[in-house]
Every structure is written in C-alpha cells, then in structure tokens.
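A, B, C, D and E are the chain letters, set down in written order, and residue numbers restart from 1 in every chain.
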Amino acid sequence: MNVDLSTLDLSRPGDLLIALAPELVLTTTALLVLIVVAWRHRTPQDLRLAGWVTLAGLGAAGLAAWFLWWQAAHAPGIAAMIAVDDFRFVADWLFLGTAGLTVLVSFEYLEREALLVPEYFALLLFATLGMMLMAGAQDLMVLFLGLELMSVAVYVLAGINRRSAAAAEAALKYFLLGAFASGFLLYGIALVYGATATTNLTLIGVQVATLGLQHNTMLLIGLGLLLVGFGFKVAAVPFHMWAPDVYDGSPTPVTGYMATAVKAAAFAALFRVLGEAFDAVPAWHAVVWWLAVATMVVGNLIALAQRTLKRMLAYSSIAHAGYLLVAVAVGTAVGSAAFLFYLVAYTLMTLAAFALLAAKGTDGERDVSIDDLAGLAQRRPWLAFALAVCMLSLLGIPGTAGFIGKWYILVAATATGQGLLAAVLVLASVISAGYYLPVIMAMYMQPEPSEQAHAGMRLGRLGAAVVAASVAGLLFFGVRPNRLLDIARTSGASVRAAPAVSSDAPPAPREPTGR
Amino acid sequence: MLLGPALFVSAALFTLGVFGVLLRRNAIVIFMCVELMLNAVNLTFVALAQRLGVAGQLFVFFVMAVAAAEAAVGLAIILAIYRHRGTVNLQNINLLKG
Amino acid sequence: MSWTLIIFWAFAGLALVSALCCITRRNAVASALWLVVTLFSLAALFVLLDAQFIAVLQVLVYAGAIMVLFLFVIMLLNLGRQGPTDVKGPLGLGIAALLGGVLLFQLWILRHAAPPEAIQLPPGSMARLQQEQGLVGAIARPLFDTYLIPFEITSLLLLAALVGAVVLAKRKL
Amino acid sequence: MPASALQLLWLVPALPLVGFLLNGALALWRPTAKAAVSTIGVGVLVLAFAAAAAAVAEFAGLHQAAPLVFRYWAWMPAGDLRLDFALQFDQLAAVMALVVTGVGALIHLFSVGYMHADAGYARYFAYLNLFVFFMLMLVLGASFPVMFVGWEGVGLCSYLLIGFWFNEQINADAGKKAFIVNRIGDFGFLIAMFLIFRATGSLDFGPVFGRAQAVFPPAGTTITAVTLFLFLGCTGKSAQIPLYTWLPDAMQGPTPVSALIHAATMVTAGVYLVARCNVLFALSPLGSAAVAGVGALTALFAATIALKQWDIKRVLAYSTISQLGYMFLGVGTGAYAAGIFHLVTHAFFKALLFLGSGSVIHAMHRAYHATHSHDDAQDMRNMGGLRRYLPWTATLMWIATLAIAGIPPLSGFFSKDAILGAAFALATAEPIWYVYWGMGVAAALLTAFYMTRLMLYTFHGATRTGEQERPHLHEAPWVMTGPLVVLGLLSLIGGLLDLPELMGGGAFLQHWLEPVTGLAARMRPAVELSPVVEWAVLSSAVGVAALGIVGAVRLLQPEALLPARLAPPETGLGRLLWKKWYVDELYDTIIVRPIQWLAREVLWKTIDARIVDGLIVNGSATASRALGWLGSRLQTGEVGFYVVLFVVGVLLVVGGAVR
Amino acid sequence: MYAQSVLTALIAWPAIAAVVVLAAPERWAKHIALAASLLEFAISVPLWWVFQPAGGMQLQLDVPWIPSWGIHYTVGVDGISLFMVLLTTFLVPLSILGSYNYITTRERAFYALMLVLTSGMIGVFVSLDLFLFYVMWDVMLIPMYFIIGVWGGQNRLYAALKFFVYTFFGSLLMLVAILTLVYLVAQRTGVYSFSYVHLMSNIGALGTVAFWLFGAFFLAFAIKVPMFPFHTWLPDAHVEAPTAGSVLLAAVLLKMGTYGFLRFALPFFPQVALHPAVQAAIVTLSLIGIVYGGLVAMAQPDFKKLIAYSSVAHLGFVMLGIWALTLQSVQGALMVMINHGISTGALFFLVGMLYERRHSRLIEAFGGIAKVVPLFAAVLTIVSLSSIGLPATNGFVGEFLVLLGAFRTYPIAAGVATTGVIVAAMYLLPALQRVIYNPLDKPENAQLADLSPRELAVLLPLVACIVWIGVYPTPFLRRMEPSAQRFIESVRPAAPAAAAR
C-alpha cells in the first residue's frame, strides 16, 4: 500500500480514523469479545474462544500500529488530542505485546483456577486500550480518561478471582488508593489548566515558555499533584504502599500485567507530560530525583526482607520503577529512549518470572517461598534456567537485556551529569543481588527437600512458549540490542517539547552519536 | 471575581476530603470522601472555566462520568470484600501485608 | 460585598459544613446524606459560576444517581445501624488534622491564585457564549467536535465499568 | 683459553647440582639404593673439588688482577637493570671454592659412615649436594643477586638439614627458626642491594665496586646504611648478635651437617660477604666499626655461654659463634686477609671438632642404642674417659682444641693472632679498637678454657657412661676417621698458608688476596707496629690461651661430675650461662609472642574478623536486611496507614515542586 | 589469519566447548573439557612467538557490535595482557585435570562452567573496548559464582553471595565511571565511543571529576585485587570454593584487578594516580596488604585461608610495583602476577589434594606426613619456597624486581614492604612444618596415598614453571618490557621512565 501518512490532518475524520486505527481495532475487538462472551461463557472452551479472539484483536492492533510506524505516520502541527509519533507506536507495541503474553499465560491459569470468566479478556482489552490512550494522549483530558479506563479495568482484574479473599482485598486496596490518587491527579490537571488555560500538552509547554510560568505557584502545585498521581500509578515511594499488597493478592498473570504494562503506561504518560508540557519547568527534576532515589532504595531494601517469591517480585518491581524514574529524572531524549528499552527488557523478565511463579504455585502462588524452589535445577533444569535468566536479567548482568536496559539508563544519567543518581542506582542494584541471587541459590545450590517437592509444577505449552520467548528475547537483546536500541532512540526522540519555545530551557546535552 | 474564593473553597473541600480519607476506616465512607475530593476539583474547574473557556466545564462533565464508572466498580468491589470478610472496616482488612 | 458574593459564601459555607459533617458522622448513611447536601451546595455554586448545565448534571448525575448508588450499597451491607465507630482515635485524628492542616496551608496560596492575565477571557465572556449558543450548546458543540475523542473514551470507560461491576457482583460465577 | 679449567668453571657448582638432582630422584623413588647415593654424593664433590683446584691452578698462573666474569644468560633484564646469571672467579672466590669443595668432600665422606643406617640416606645426600651447589653459587656469584641465590639457598639447605629428622618437633622447630632468623638477615641484604642499585645503577660486583668511590661519599649516610644493612644480613647468616640464636638450635641436625654448614662453610658466608664488599666497608668507618664491634662482642658473649653448656655440640656451636665473631673483628678491622685466613683455619679445626664430636656421638649413640637406654648421647656428663675407647678421635680433637685455643704453631694460632694483631694495630689510630682487642683477648682466654673443659669432660677422667654401654663404645669406621685425620693434618699445618712476615713467613694468603682487598687497604691509614709491640701482642695472646688451658685443667674436676640424670640443677651465674643469658626467652617474650598475639588476636580476630568483615562488610549487609525488615513492618496491610504515608508524600512532593 | 582470529578463537572456543560438554554424556564431560582446554592452550601457545614485543597492541580484531553507540568488539594483546592470557590458558587444563576426582556431582555443569569462565577471563584480558571489557568482567562472575555455590564447602552459599555482591558492587560503580568517561570524551571529540584507544588518545585533562572516576575504577579493581580493607570476601571465597575454583580465583581472577589498574585506572587518570595523597594512600594500603596479609595469614588454622591471606600480601607487592612506576617495579609486578598465579595455584592444588584424602583443610589435622607422602611433601616444599620468594624460584624474580624498582620511588615504603619477605617465611614455613613435618601423630594420616600420576601431571608443569621463571625469566621480561615502558610513559610522560637515573 502506498499512502502518505506523514501529513495526517487530525481534524479530518478520515485521517483521524487512520491515526486511531490501533485503538479502533482494539475497541472493536473488545466489543466483539463482549458479544462472544454474552453468549458463550460457561466452559473452558468458551474461555479459550474469547482468549483467541482477544489475541487476534491484539495482533491486529499491533499490525495497525506497525503499519503506522512503518509509514512514519505523523501529524504536523500541534496535535489536538492524540499524538501521532513513534513513541506512541512503540509504546503501543509494548502494551499489546504484554497483553498478548498475558493472555497466553492466562489461558492455563484461568482454567487451573477454574476462573471461567471470559469477561477477563474484555477487561484486559479495555485496560490495554486505556494504556494506549495514555501513551498517545496529547491532552490531559485524554490522559485522565485513558488512565481511568485502564484503572477501572485493572481494579476488576485484580479482584477477578471472587473466591479469593486476598484478591478481593487487593482489588479494594487498589481501588480505594487508586481513586484517592486520581483525585490528586485531577486536581493537578485542574491547576495546570488554571495556569495555562489549556490541557493540551504541547500548548501547555508553549504557554509555560511564552508566559514565563516556570515559577507560577498554581502551575507548580498542579505539577506536584500530577507527579503524585503518576507516582501512585508507577508505585513510586512513598506512594507505593498499595503495590506489594495488590500484586500479592491479585491472580498472578494479572500481577504480571500490572507490574509491567500498567506501570509502563503510567511511565509513558509521565514521560509525555514532563517532556512535552513541562520541559521548561525545572522544578520537577529535583522531585523526581528524590522519588527515584527513595523508590530504588526502599524497594530494594524491603525486597531483601521478603520470604515469598511473589512479594519479593512485587518489591522488586517497585525497585525497577525507581530505575525507570531515573530515566524520567534525566528527562532528555536519551532518557526516554533508555526508558523505552528498559521497559521492553523489564517487561520480558518480569512477565516470565511471574509466569514461572504461576506455574510453580499450583496451590496458591502467594505461599511459594524462595526456599520452596530448593533443588529445582535438578528436577526441572529448563524452568530453573529460565527463572535464573530472569533473575540475572533483573539484576542486570551483561548478556541479558536487563543489563543493556540498565546500561542505557546509566548512559542517560551520566550524560546529563547525574552521576550521583547513577551511583545510587548501581548501589541499589547491588542490594538487589541480595534477593535475586538467593532464588538462584535455592534452585541450584540447595538440595531438594523431598522427591515430590516439585512434582506439582505445571507449565503448559502456551505458558512455556511465553517463558521461552521471553527468555530468548532477554538473551537476544542482551547480546544484539542494536535494532531495539535504534528504535528506542528514534522513538524516544519523538517526545519533545514544541521546538520553538524552549528558549530559556537549559541546553540539552549533546546526544551520543555513533562514530 | 469569584475565582479566588472558589479556588479557596475548592482547596478547603479537597482538604476536607483528604482529611476524611485520613480519618475514616469505613471503605464506603472513604470512597465518599474521595468523591468529595473529586467534587472539590470540579469546583475548581468550573471556577476556572468562567475565565478560561468552556473546556473546564467539559472536564467536569468527564469527571462525572469517571465518578460514575468508579462508583460502579468501587461499590462492586466493596460488595465483594463484604462478602468475604463481613465488614468494610479497613482495619480488619489486612490479609496482605509485610 | 455583592449579593453574588453573599450567596456564594452562603453556599460555600454550607458545602464546607456539610462536608465536615459527612466526614465526621459515625453513621455511613448520615455521611452519605451530608455529602448529598454538599453536592447540592456545589451545584448552587456552579450556577453562580456560569455553569448552569453542569449544575444540573451535578444534581442529576451526582446527587441523584451516584449517591443513590452509595446509599443503596450502604443499606445493602446494612451499615446503617450503629456499630463500633470507624473514626480513628485521637492519634489518628491528630495525624489527620496535622496532615490536613499542612495540605491546606500549602493550598492556601491558591486563594489569590489566578490564571495569568494574558490568557484570561474578558469578564462575562462565558455568559455571552452561553447566550449565543445556548446553555447546552456551549458545551455540546466542543464536546462533539474538539473533545470527541475524550467523549468516546467516556463511553468505553462506562462500558468497562459496567462489565467490571457485573463480573464482580453477579451472583453466579 | 680453549676448554680450560676456568672455562669449565660452571662445572664446579653444576656437579653438586647434578648430584642433588640424581640423589633427589633416588630419594623419592629408590631410597634404598645407598651405594649409588654414596657414589654420586661423594663423587660429585670430589669432582667439584678437582675442578675447583684445576681452576685455581690455572687462575694462579694467570696472575690476574681483575676478577674473571663468566656470563651465562641474561637473568633479569628490566630497564636499566641488566642482570646476568654470571659467575666470577678471583682470588677470594678461589679460596672459598677450595674450602667449600675440599672440606665439603671430606664431610661427605664422613657422612657415608655417619648416616649409613639412616632411612633418609639418599635425601640427606641430596640436601648436602644441594647445599654445596648453593654455597658455590654464593662464593662464585658475580653479582649481589646471584650471590643472594646462594645466600638464601644455603639457608634453605640448612633449614632442610637441621630439620632432617623432621618427625621430631624440636628438629623441625629448629630448622624453621634458622630459616626465619636468616630471613631477617636477608631483609638487610635486600635493602642493601636496593640501596646499592639506587646509588650505582648496577648490582654486578665489578661496576658496583668500581663506581663505589665515585658515588658514595666516604663515611656518608648512604654507604653507612648500605654497610649496616649488609652486615645485618651477615649477622643472620653468620650468627652474630643479635641474630645468633638459631645456630645453637641448629645442632639438632646431623653432626656432619653441623660441621659443614654450621661451622666450616655457610656460617662464614657473612665474613665472605664483608670481605667481598671490602670496598664498601672501607668507605664507611662506622660500618666497619660496627662489624668489628659486634664481632668482638659476639666472640666474648658466645664464649661465656659456651662455658656452661653440657651438650657437646652446643659448646661447639657457641664456639663457632665466638670464632665467627673473631672473623668479623678481623674483617671489620680491615684485616680482610686475616679474617679469611681465620675462616679457612676455622673451617679445618672446627670441622674436625664437629666431626670428632660426631664420632663421639656416633659411638655413644650406638652404645645407648644397643642397650635401649634413653640417656642423652650428647651430654658430656654422660661421657668421660672416652679416650680409652676413641683414641684416634681424642688425639685429633686435641689437635683441634689447641688450634682453636691459639697455641702455636697450630693453624689457629696464626689466624687468631693476625686478627688480634690487626685490631691492636688499628687501636693506635682509633682507640675504640683497644676495647675490641680486649674483648678478643678475653674471648681467647675463655675459648681455651671451655675447649679444654670439653676435652676433659669428654675424654678424660672417669667414664660416666653406664656399665652396660661401655663394651659398645668404640672407634668409628675408617670412612669416618679418615676425614678426621686429613682435617687434623690441615689444622696442624694450616698456618703455613699465611705465615706472618714477622716470623719470616711469606704471608702467602695475604698476597694472594691482595688484588681483592688491595683497594680497601689503600683507603685505610696504614698502621705499622714495631716488631716489639707485635711480639708483645702475640705473646699476650698465647699467654692468655695457655692460661685458659691451664686454668681449665686446674679448676675443673671431671671426677666430681655426675651423669646428666643425676646432676643437680645449676645455680647463680652458672645457671645464667647455662640458660644462655635467657636471650631466647627474651626474644620469645618481647618479639615472638607479641607478634603472634598481634597477628592472632588483634589483626585477625579483631580487625579482620570483627571490624572489617564483621562491622563493615557483614554489618552493611545486616543493616540493609534490618532496614528492609523495618520497612516491611511498615507495610502493615492497613489502608489507613498507607493513606497517611501517601499524604505525607503528597506534602513533600508539592512542597518540593513549589519550594 | 592466525593473528586476526586467535584472540577471538580463544574467547569463543571454550564457550562452544561448554555447549558440547553440556550435551555430552555425564561421564565424558571431564574428558571433553580437558581436551577442549588443552586445545585452547594449544591455540594460545603460538602467541608466545607470534607476539612482537615492540609491536604494542597487536593481534587486534575490530568488529562493530553496537556501532550506533560506539560499541565495538575490539580485542588485542600487548605485553601486559599476553601473559595473563597465557597464564589462563595454561592453568585451565590443569584445573580441569585437577578436578577429576574432586568433582563428583553434576560434572557436566561444572566443566561447562569452567569453560565459560575461561572465555570470560580471556575476554577480560583482551578487551580493548570498555563496554566489552565490562561485559566480560561481569559475565565471568556468574560461572565463578556457581562454581563456588554449587560445588563449594559447608559455607558455600554465604561465600558465593559475598563474592558476587562484593565484586558486583565494585564493577557497577566502574560502569558508571566508564559511561561518564565516555560521555566526557564524546563531548570533547564529538565521537561517542567505548574504544580504549580512542579514549586513551582523547582523554585530556578531566579536572576534579577525574578523582571520582578514578575512585570508581579504584574500588572495582581494589576489591578484585583485593586490597585491604576490601579483601574479606577472598578468604571466604577461597575456602569454600572447590580446588579448581580456588586456583582460578587466585591465579587469574585476582589479576583482573591489577590488570585493570595497569590497563585502565592509571593510564586514564595519571594526574589522579600521581596525586601525592592518592599515591600515599595506595602505597599505604599496599603495604598494609603485604604486612597485614602476612601476619593474619600467620594466625590461620585453615590452610586455604592462610593461602588466601597470603594472596593479599602478594597482590600488595603488585600494587606497590605498579604504583612505583619504574620499569623494574612494573615488570616485577607483572612477574608477581604470573608467579602468584603459578605458585598459589599450585598451593591450592596441593591443599585440594590433601582435602580429597582427608576431607580437612585444617593445618592441625596433619603433621609429619612427609614420611608417608614424600613426593607430595617435596612438591609442597618447592611450591611453598616459591611462594615465599626463594631466589632461583619464580617468586623471587617478581618480588625482587618490584622492591628494587619501588625502592627508587618510595624507599621507605619499599623498605617496609621488604619485611614482607620475613613475614612470608613466618606464615608459610610454620604451616609447612605443621603439615609435613613434626611427629606423625594422627593415625589416619599414616595411610595417606602419595601423589597419583594424574596429580603429578597437574603439578609438574607448575613446578617446571617455578624453576624456569626463577632461573630464566628473560623471555618473559623481554616480552613485557616495551609494554611496561609504554605504561609508565602513559602515566608519567614527562619522566623518561627509570632509565634516566
């Protein structure tokens, strides 16, 4: 097909539809799933049907996003509501991919737990849609609604296991605190709107620059409250308290999804907001700096004290949010590129880890302690290997994508003179060795407690495929990250403040260029 | 001319909402406090809209939709927890901790 | 002091007092009812601020629909009867008061805050807009034009909430 | 010089090395092949002696003034350090090589008999060959590092041979002590080398000595430091104060070892070193005075201890220390030839004394062994009257005793007199040497006394050996007494080597060494004593020696002596001397134990385990865990509390954003 | 062909062989691994002749890896790394052979990890791209971590974790420093590159930030060396690791620290390295290492721990030699690096052999065994003597050159360091005595078997090297001299090295 998508005019309905193609595909799929569900919702086969439809929809949406990306779709001028740039497409892939992997893992999980709720997939689609809107939002209003769409769906997903008191509690906690945080976010939006008379991100940036609002109190309070709202979604310390409990209580595939996609979406939106709207406002740098430090340190320290794998992973995901916040704090195009790459790596390793946990925990994965993995390497070498790769990648050992991701963030940090932040990051990483390595130790270096210790471990074909794909991805991107790095770089660069206005913004450090 | 007072009242209401969330343990009441916060923000929007254009009012419109959606899901969740625990007092809802 | 201002403060005071009652009443039903009062007062303020249509929505959707849902659930869960209080003790109160106080102190600046002059519309332009396009039209036009996308998202949001509520609340799994 | 003996100089050390390798292999895989071991072990020594003798003969014909240096391969080329593996041959090296191989060969031969019954026979010869190899490296090395190879190598062999019977802890301890104490000396040697290299840019003897006068200001700090550090090395190797304590313990080794290593050769390495570095010492009067002073003091001090020792070998050990002191007095005085002369004669008579005592011990041991007695075969109180059973040994040892006492015309008389005479001569220029001379004379008196005591108690008086043992006491086989005879002969006539001009002699050795020591001699003020004074000094020494002998014969009553196990403990001064002035105990208390305590309790258990590892390393890990635990306590599960923290966060963030 | 590919082959071949080992039957694992490591050694041997001493960095291969980030796969050797590579390839076959009886469980995994470790070690030494270097540096941690943790002794988990965390800690800070450095250079030149050569030629003056960067490099390398007070992971790791692990840990892994100083820390930041306070601090730490390491070693009841602390002392000499910046001392330091690998490696083998027989590493568990196992005793004696630096053994050559050279720069410090030779005798000889000498009073020792042919095959090459290097180290010194010269000039360009004196 030979169309020129580089000059989309979003005020024309046709162009708008093209620009929103992935979202529309996904919406259609969601409705389709609802229709399917409305009439088949009793047996595992029904579940599978809904799941495959979902997967097909995700694939189609991914294809749409790919097409837009491939054609370098672009809307010149100030986009009204939705951005048409590489950052959005790449983020879309990430969400769609995560959702797809989650669906694959969920099949077996839902059947095993007898959770014959095909609406699960519809909610997953809605949540993914919300994320895509967040990442593409060019207007705070879209962003807020996308966030709420995602949140509402994920609240339900967290509590989808109605037989589980823990799941109900997780949903309640997530919901109450989430709604509370939404209040702050909304207030922040209101104040920003009050200071700039607009909710369009680019226009906010323009207003800030032209009106010299860098020190406008209303804007700053609004900015602070926005950060609170996002801080909650990304589980930044001290807004993280919900995360361990909710991750712990939710069904494991949902936890994986929350720990990756939900967090990624919030980060993507945060990036857009800070990069496009508040690029010229210096105030947030220090705040995010401290949030990053606190998140890294607290997340890693508390993770040290965990005995069960699931909670450990929950705290670990908080720690990783801290690393991502470093990329945010850096705030340059390199930062967002590093962020994108890290998200990919982080998503792969976290999803795979949760998938493996789901496989291990036939009788309640909440109770799987690290010691329960003792001797796994003897009994199930491949599973142990996969989990070990995940752990090493989370730890950031070279040869895994986790390392390249961390490296990229460090590049971004050092290139902006944030040496101290980089140092804190690596020191926090050292702490993380204290809880990732024991998993490996248990699997490889401790004897099996009994013959039957790992008998119940089941990883179905689809789950195995997910894990294998993730691990392969981790290793591949650890050795050959070139293409992904390039994509991340060009996409990251697409999140920019309107070029004309950053007159008194600090000069951006020079970008690394190849030789 | 009502902007300043409205913003102040809004801030006060918002603070009261936060105060309520801090003060109460009943999940439903806390949720109501959150609604109070949202309404406080609505007041801000409306007050600003008077000076800045209709977008503020539209925002209120959307916030109402969000509030409705949250209410539906939130109350369903509260029902679910009540079914499990027989209470909505958050002090007793701490299975997950550590 | 103009009449507008007096009315404004009257309703504002009512809103604040009822909000305070809402958060301090032990009985959840009482709280909900006080919240309804607040919402009504806010609707009145909205009118004063040239947002008549929103005020109507406030009464219909918020006070009407949403709060009824709340009351319904409270009744369903039988929380109306006198039970042990869910208000935190003195320590909790102290902490809440302290934090609330600091928050209010931080937001206190907002009483003088105003959008920069440069971007403010001339006074009365909102009223003029409503006169020109009608109360509903002033809102509906941008809603289906500029803000079409958010509006459509709202529909998805409500749909998702609906599905979610059904999934969580339906009797049979 | 095609294929001349000098060209084949490398054979001299190489032969013993081959012996070591062969015997070592035999020791590991064929320990019972004693005939082969003996043949190889003694054979290589004889060949080496022959090679050395041939080389010396050829060298003598050359009338070479400068040393001949043979470079074999570049050893440590690093930057401006051009260090070759090279041997050098000069007059001094010639003397030493002859002594080492000659006396060595005799002692090897003696060992064939002495060690015949030992299970470690092959290992013994391997070590002994190795020792000779290293000793030859020491004396033939053309640079300080090559010499140091020999220097430490002989220490190693000493260590191995002292602890030869390693299954007895006391032996192993003694070996270890020897090595460690020697290492302290080696520390000095190393520092001296560094200083020399820093100053001269070379470590080869030739360039160093050649440049010495140019780069070292006479009596300067550097040269003094160099000489003192070198001498520290000497005190270790040659058992001088303060590092002498290892030598008496070294008597735990087989007696031929004591004779070869701890009397004739290795312990004289220090003397050799000073003589070799005579240029350096001549540049530093203070260094020389220190050498002479320490030598004199050691001579006297060790002699006092020898007075009250009962172990026959210990007496000889202290005697060795004392005689080494003499040699240092000599070389420190600048009488290098005299020092070397005494070294040579001492090698003869002390080797003879040790081998003689070995013969005695051999007999005693065999006797005790035959009766399964556990009495001490080395305690003189268990001997007495042995001349009846060991006539050859008694006679030969008397020769040696008279020699060491300085009775003319035996060898010791000439060499000792040369030293004392030189010291007295120098005293006229530097009065402190009067003190040194006095100490030397006093030591001579004591030497005569304790040696006579040894002879009396061992060979004369009543036989205190048990009745049953007596029939088993008899002379050793010829393979052992043969070398004794040769050494006796040498002790008798050794003085001919360097008959002083005073007596019309040719002072052969002195002239022979002239090319080596001449430069240093010229740097010193020549002091000429009138013949009258010289005769007076000489006769006073002889008189003192005679006094010592006579005094011993008069004062001591071998008849009153009781066997060791019946003897009452010593008291008073006797006890002090018997306990060797408690120096070992002193070292133990103020050095050894504190270091061990420091290492174990302070450094290891406190600093390493508690502070560095415990507090800092594990402490930070524990602290992290504790903080984590605390953090997870905060995660109470109650939304109420989460909200509180949340709002705190809000306040902080908003506050931070607005600021 | 050989020149282009040899280093890559040395990195790649063990990794490939590791896969083969994993795929092969369990009982063949060790044989395949041995064959593979011997082939590896064979590949490396021609380096000895192919290497041109005066040729600087050579046998280079440069392949773009992540070119857009200035990351290349660049490898090459000079006179410094050459010997580290050879030492590695030399010791790995011996380690594998030495593990034949020691490792009885999960053999495939063990030998595969050994081979992977080999790849990592070679990689560290030949990397000329800082990114590649860092990757190799960390990659090599993993196999060692497993080797200690899976096949180690009682307390292996603790030791493995400590080893990992400690090293990881240092390496990550180094990563930050590398990135900062690359960025700073990129700012100046406009070329963002991790290339060592590029960085070296464009580093320029960095000002105060150099102190921070140096500090990070220092920490990473000092931990690895290990210098006091960063050494406490070493005794634990050594004691718990299986023999082969201890050998490679001591012989190769520790050298990575000193190698790092030689290759990176000093040439990059000469102005920091030559800062008087830094000099004083590092020289002091080296001295503490030498004396303190020796004294603590003296008090150890566990033979392996004793050797571990002795490593601290030996590496102190290396650090002193490097910092003295004279040709003798730097060449000496390189020699000590080699010698320590050989001697300490041999010591660990010997202790491991004792452990295989008696399942104890405590010194007091033995005594008098020279009588029972004379061959063992002979080898142990030779190796111990080499370790305490007896002349004519390899140990002397290195220490002597270090001290000789260091004495020119730091006379007092070198004097203090020289006491290390006394201390060395004070810790090793008593241990030697208590193991092979003294009464044979433990009946269980009376039946010990002497060295088997396999064990001899492990030890004899080492003994041969001990003597060879002790007597004729010239081939080594000649090959390293130009590189050492270049190193000194890169740090102290003004001073025409030591030759001027």
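For this structure, a couple of remarks:
Operating definition for what follows: a contact is a pair of C-beta atoms (placed from the backbone, for glycine too) under 8 Å apart; a residue touches a chain by one contact, two chains touch by 3 or more.
Just so you know, these numbers come straight off a predicted model, no measurement behind them.
Both chain C and chain D are touched by A, B.
The greatest centre-to-centre distance from chain A, using averaged C-alpha positions, is reached by D. Centroid analysis (C-alpha atoms only) places D farthest from chain C. Averaging Cα coordinates per chain and for the whole protein, the chain whose average falls nearest the overall one is E. Ranked by the number of C-beta pairs in contact, the top chain pair here is B-C.
With centres taken as mean Cα positions, chain E sits 43 Å from chain A. The geometric centre of chain D is 37 Å away from that of chain E, both derived from CA atoms. Rounded to whole angstrom units, the spacing between the C-alpha centres of chain C and chain E is 71. If you average the Cα atoms of chain A and of chain B, the two centres end up 26 Å apart. Residues of chain A found to touch two or more other chains are 141, 145, 148, 152, 155-156, 159, 162, 171-173, 176, 180, 184, 191, 194, 197, 217, 221, 244-245, 305-306, 434.
Across the assembly, chain B contributes 7, 14, 17-18, 21-22, 25, 27, 30-31, 48, 52-53, 55, 58, 62, 66, 69-70, 73, 76-78, 80, 90-91, 93-98 as residues in contact with two or more other chains.
Contact of a single residue of chain D with at least two other chains is seen at positions 621, 632, 635, 637, 639-640, 643-644, 647-648, 650, 654-655, 658. All chain pairs that count as touching, in label order, are A-B, A-C, A-D, A-E, B-C, B-D, C-D, D-E. Those residues of chain C lying in contact with chain A across their complex are 106-107, 109-110, 113-116, 118-120, 146-150, 153-154, 156-157, 159-161, 163-168, 173. Those residues of chain B lying in contact with chain D across their complex are 18, 21-22, 25, 27, 30, 90-91, 93-98. Those residues of chain A that touch chain D in the shared complex are 172-173, 176-177, 180-181, 184, 217, 220-221, 223-225, 227-228, 231-232, 237-239, 241-242, 244-245, 283-284, 286-287, 290-291, 298, 301-306, 431, 434.
Taken together, the chain A residues at the contact with chain C in this complex read 20, 27, 30, 34, 80-82, 116-117, 119-120, 122-123, 126, 129-130, 133, 139, 141-142, 145-146, 148-149, 152-153, 155-156, 159-160, 162-163, 171, 191, 194-197, 207, 211, 213, 216-218, 221. Chain D makes touch with chain E in their complex at residues 24, 27-28, 73-81, 85, 123, 145, 148-149, 151-153, 156, 159, 163, 166-169, 172-173, 175-176, 179-180, 183-184, 186-187, 190-191, 193-195, 197-198, 201, 595-596, 598-600, 603-605, 607-608, 612-613, 616-617, 621.
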